[in-house]
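One structure is given here, and the rest of the page talks about it.
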Amino acid sequence: MKNGSGYLKKPRILPKTPKIKNIDIFDLINYYAGSGAYNGGRLVEACNIFENMIQEDVTVCLTLSGALTPAGIGGFINQLMKKGVVDFIISTGANLYHDLHFALDLPVYQGDFRADDTELLKNDIVRIYDIFLPNQTLLKTDKFVQKVAKTFHTNSPVSSASLHHFIGAQLWKKGKKPEYSIMATAAKYDVPIFTPSPGDSSIGMNLALLKMSNKNLIIDTDLDVLESVAIIYNSEKTGAVELGGGAPKNFYMQTQPMLSQIMNIDTQGHDYFIQITADAPHWGGLSGATPSEAVSWKKIKPNQLKNNVVVYCDVTIAAPIIFSYILSKGFNRTLKRLYKKRFEYMDKLNNAYSQV
Amino acid sequence: MKNGSGYLKKPRILPKTPKIKNIDIFDLINYYAGSGAYNGGRLVEACNIFENMIQEDVTVCLTLSGALTPAGIGGFINQLMKKGVVDFIISTGANLYHDLHFALDLPVYQGDFRADDTELLKNDIVRIYDIFLPNQTLLKTDKFVQKVAKTFHTNSPVSSASLHHFIGAQLWKKGKKPEYSIMATAAKYDVPIFTPSPGDSSIGMNLALLKMSNKNLIIDTDLDVLESVAIIYNSEKTGAVELGGGAPKNFYMQTQPMLSQIMNIDTQGHDYFIQITADAPHWGGLSGATPSEAVSWKKIKPNQLKNNVVVYCDVTIAAPIIFSYILSKGFNRTLKRLYKKRFEYMDKLNNAYSQV
Amino acid sequence: MKNGSGYLKKPRILPKTPKIKNIDIFDLINYYAGSGAYNGGRLVEACNIFENMIQEDVTVCLTLSGALTPAGIGGFINQLMKKGVVDFIISTGANLYHDLHFALDLPVYQGDFRADDTELLKNDIVRIYDIFLPNQTLLKTDKFVQKVAKTFHTNSPVSSASLHHFIGAQLWKKGKKPEYSIMATAAKYDVPIFTPSPGDSSIGMNLALLKMSNKNLIIDTDLDVLESVAIIYNSEKTGAVELGGGAPKNFYMQTQPMLSQIMNIDTQGHDYFIQITADAPHWGGLSGATPSEAVSWKKIKPNQLKNNVVVYCDVTIAAPIIFSYILSKGFNRTLKRLYKKRFEYMDKLNNAYSQV
Amino acid sequence: MKNGSGYLKKPRILPKTPKIKNIDIFDLINYYAGSGAYNGGRLVEACNIFENMIQEDVTVCLTLSGALTPAGIGGFINQLMKKGVVDFIISTGANLYHDLHFALDLPVYQGDFRADDTELLKNDIVRIYDIFLPNQTLLKTDKFVQKVAKTFHTNSPVSSASLHHFIGAQLWKKGKKPEYSIMATAAKYDVPIFTPSPGDSSIGMNLALLKMSNKNLIIDTDLDVLESVAIIYNSEKTGAVELGGGAPKNFYMQTQPMLSQIMNIDTQGHDYFIQITADAPHWGGLSGATPSEAVSWKKIKPNQLKNNVVVYCDVTIAAPIIFSYILSKGFNRTLKRLYKKRFEYMDKLNNAYSQV
């Protein structure tokens, strides 16, 4: 019989009566699993892949693109770091800048995407889609960045991870609500935070301003490249949870060709890949590129279809579900504290390269 | 002070530590509410608006577009009808056709969107994105449609609601799993199901086939227009939960201009509007058109911003959340049984029109 | 050498200096062809496939979804019919209703998508994204539809193609600018226009209104199914240019399963397929479904990759380019005048079916 | 009369018979202008705004995001620089890296987005959606980057613009086809090219590799911030043509808050804004953020609606049209040669800041 061909091996879809009392996060995931279709199905795969990453001691990278911290996603991310299930972070600068408001207890408000921007301008309010920030929130954050940066003493250029670690540590000393901040939390748990574009945010702009006066703090993006690649090189298995695409996605993905294409070190690519995005493959850009395309670049291991998934969804909807699922499962890994291992890891990478 | 202008009246966004044990559906919604941003924020608004519709005894229409029943969404919809919180349905024909498979206990399988379609063709499997259906599932469903249609005796054209009610009733007699079917459940609870395009599905194709032999069953879409408009006219308040856009969205929205523009009966538009869609306004089509645009057409009442929302999301992710929330709340309205009131309502509409 | 594997057989991409004087439509297409990448590349494929369809005497269907006629696309479509390169049309009702304004010389204005809809409502203007229509344009069109429908004498239900042909013919008698109208032009050249959802537009609503008074004109969608399938059955080769997706796409695609799945007549699917859409496959719906998925349904012939293309683009950008290219090529086919062949074709289909 | 309210002041839309012989780029733009609707309408606005920018001597920035140079868009960009209508560029690193292949006459091929990536991997071919690059193209480009970087002598960190200028100049000496390269062309015409993320591409990776051996070339992103802001500060009027969004869009937009928010220098925002994107506002990110949202940030001047436009379209379709239009118009501005003015402009900015 033709249908015995092996194509019909997954479960039947059945529109069963859903549970309607005391529905918990597992019931919801079970519902999605029972359908398995479209992005509801992908959401379950993302949960399962994340779970597998945790259980197989994969070094997990979280990437952040889009205006996510202003939307309050930090609460989840902090828990993920604390539980040892996110080992390092790659973020746009803007997500890190807006993260500071919360640590400094400066207000960020729910707003309305239909607001009149000329009126907002008159009222000293800036808008991120449907989020309103009083100008004072920005200006006070700027002052904090400048003050902290002035106290960062170094004789040589540093990676952005060093800067972010320093700022995070200062938040514990000077911030009113450091527990709200992913930069502070990352510093506490030695989770390195890289940004591919250190000049491309108000943090970068404040550093640039200092440069015009007295303080010359240089972020050397090559160090970010090397530190991030060193983490990948020194990990048994690697995988990412990508919230959005953008430069952070590219920066994570390129760690593999850095090894194989540039350094001529034998690698086959990352082991796991989860992306939540509203982009699409057919526009051709890297943000929407499929895990399959990444296989050709040795960015993702071949023949591992089941370890890769793209959930086409707004991050603010999908991420809380996945994170709630993971946290509810009670995972608790020993912290990798990769920030402290940077130099050791870079030495090993250096050694490997010297033998190529 | 400028910021006292009234723009900053919504809650502050705070990245609080999320609950990570025993997370239930209300916790999840609370999390989204705490952010309020982007489509996570819209999801909460959708929950709240649906809740308001139920509490204010609004006549609630559910519209279905896209291949939703094959994905198994029927389980939720059946409960919504049973609990009296969905009063009538407008659906594409395809959603109704594929609903039949479940009632007939014919298999629909989880599949893979990356499958080789030429191979599937060889193996007599048809694909809906990542859902696989054996050809036999289609062919047996076709036979059922033809058999049932032959027993539908009528001297005059009927509305699609009549046909769907008849099929639904037959499913309780001849189907193995009628409880899986929205068409069967709708018949049980006298929930009318309209389709704007009765010829545009395998149900329509099977009727067309019968026409070539001996059985001439005519669906008169004008009757669908009149019956649906009569429901709106005879309702105190009206609102919709639109899953996708397409013809069903248009068919629901046009009930208002049918009254105001075509019949010259004074109306201002629907009271409530929820849409889940992956479309966007800037392509210009009705599927992605905003509730605001609908105001200009008297399709939606003006100045009621808070009663309207579009959630930009895959229905298979967002709908289970909204529906779980609503069902968990334990709402239980007296069934409106609109199917039985069709003729009474049309008489009243006729009377009103005769007096214009 | 590995690269001799056959993967690198298409042209090299070279960023040559573009022509910058007297650039004509062929230069533009050449530019896209020189790149071949992303949707610019798809646009060229669409031009080539359309060209092949014309040269191989394919029966070409044009489908219309989204609010295209209000945007003025009719001018191109009229030429395509006149030149015999579009043989029949499947359209949403709304596109046909709004087409009437132009024939009746009723104004449709360029507007602004940022307009205040409550203000527009007060000013009796309805909005389609960035198009403004005075209410009078609708009301006068409604009167015309009612007046014409009253003069349509028939003893039995008709297909929508019959209705549209009748209206089109009347436009030549009573319309001020029939040459602007695709319905009028289609009537002139005997191009059948089907709608899958005859009740789902102001045309349908006006017919429904007449039903409330004195005039009972019934559109039998089964006839639309049979007439459209008969065209496919009686054509050597078939193909479509799909502007958008929606019910018209489904209605066209289902003509093949109507033959193979429902009537048990051996077919393998359409020969050619062009779609311009802003939808995407990963939402699971038919609007965004790939030609590949259609292969599993016998909607499109297998192993004919090069005859199918999806251009991800707003129709208002891509269609004028493709149509300008085709028209500039000077194609001029003998008109098929399929409207006149409906009954002959249906007889042949009946015969075929009687022998299954 | 209500309709005299001023809302109906734009032209009527009329589906006129299009020109079908000798259609040139102006005919095509005229057609779009005649419709004015949806993204076809936006395309005309983009042409007009670009034209205005040129005529009013606006300093024009071009931003590049997504994999555009591999698709061959460089040919147009080179002409725009030569004609003096693009004054500086902000690009992702990947676009600059892939630009090098063409200058070095290394092959980039048209491919197929449906290719089997595991097979491509076996055949040493990497894929960018539907573009195929032999691994050798990458490896030879890497060698060139390393060779050139080793000859770049500097005692202090430099901006990315300096690096790109140096590479561009070297391409004229050592490249086989420098005329194909935007980096070479930019160097020739002293058009500065900034990248917000110098480590985030194979250029950055090659520099990082050199750092592991003997060559320490540091890109200081703060210098990029200052040089780009200095250009804005020293320009009478400013505007951008944004191809895609991403970090380059953010980097351009932030030049204004750098002045107003960070440096406390009075500005109101950019004068003109054109973006071509497939993103959407409702996902909340900066890539899809509207010009209106930018007004609240003082990134774009308020009350200048007509000077801003977003074209929702694949860049590979829309950009060649806009660029062909602009080039065909024969504009020829005196080159601004901003690269040479960097230090002078930064001095002036420094002076201004010292007086705040």
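As written, the chains take the letters A, B, C and D, and residue 1 is the first residue of each chain.
Simple rule for what comes next: a contact is a pair of C-beta atoms (placed from the backbone, for glycine too) under 8 Å apart; a residue touches a chain by one contact, two chains touch by 3 or more.
The structure displayed is predicted, hence computed values, not measured ones.
Peer 1: Any chance you could check whether C-D or B-D wins on number of contacting C-beta pairs?
Peer 2: Between C-D and B-D, the larger count of C-beta pairs in contact belongs to C-D.
Peer 1: Farthest from chain D in C-alpha centre terms, which chain would that be?
Peer 2: Here the answer is chain B, farthest from chain D.
Peer 1: Taking the mean of the C-alpha atoms as each chain's centre, how many Å separate chain A from chain D?
Peer 2: 26
Peer 1: What is the distance, in whole Å, between the centres of chain B and chain D, each centre taken as the mean of its C-alpha atoms?
Peer 2: Spacing between the chain centres: roughly 44 Å.
Peer 1: Chain C to chain D: how many Å between their CA centres?
Peer 2: 37
Peer 1: Indicate the residues of chain B shared as contacts by at least two other chains.
Peer 2: In chain B, 37-39, 71, 120, 125, 129-130, 278, 280, 282-284, 292, 312, 314, 316 touch at least two other chains.
Peer 1: If you connect every pair of chains that touch, what shape comes out? Choose line, ring, star, complete or other.
Peer 2: Topology of touching chains reads as complete, every chain touching all others.
Peer 1: Taking the touch rule as given, give the residues of chain A at its contact with chain B in the complex, in rising order.
Peer 2: My answer: residues 2-3, 5, 7-8, 10-18, 20-25, 27-28, 31-32, 34-41, 43, 69-76, 78-79, 102, 107-112, 114-115, 119-120, 122-125, 129-132, 134, 136, 179-182, 278, 292, 305, 312-318, 320-321, 323-324, 327-328, 330.
Peer 1: Please name which positions on chain A make contact with chain D in the complex.
Peer 2: Going by the criterion above, the answer is residues 65-67, 71, 92, 94, 113, 117-118, 120-121, 125-130, 135, 138-139, 142, 157, 196-202, 204-209, 211-212, 218-226, 229, 244, 246-247, 250-251, 254, 257-258, 261-263, 278-287, 289, 292-298, 302-303, 314, 316, 349-350, 353.
Peer 1: Quick one: in the complex, what on chain B touches chain D?
Peer 2: Where chain B meets chain D, its residues are 37-39, 280, 282-284, 310, 312.
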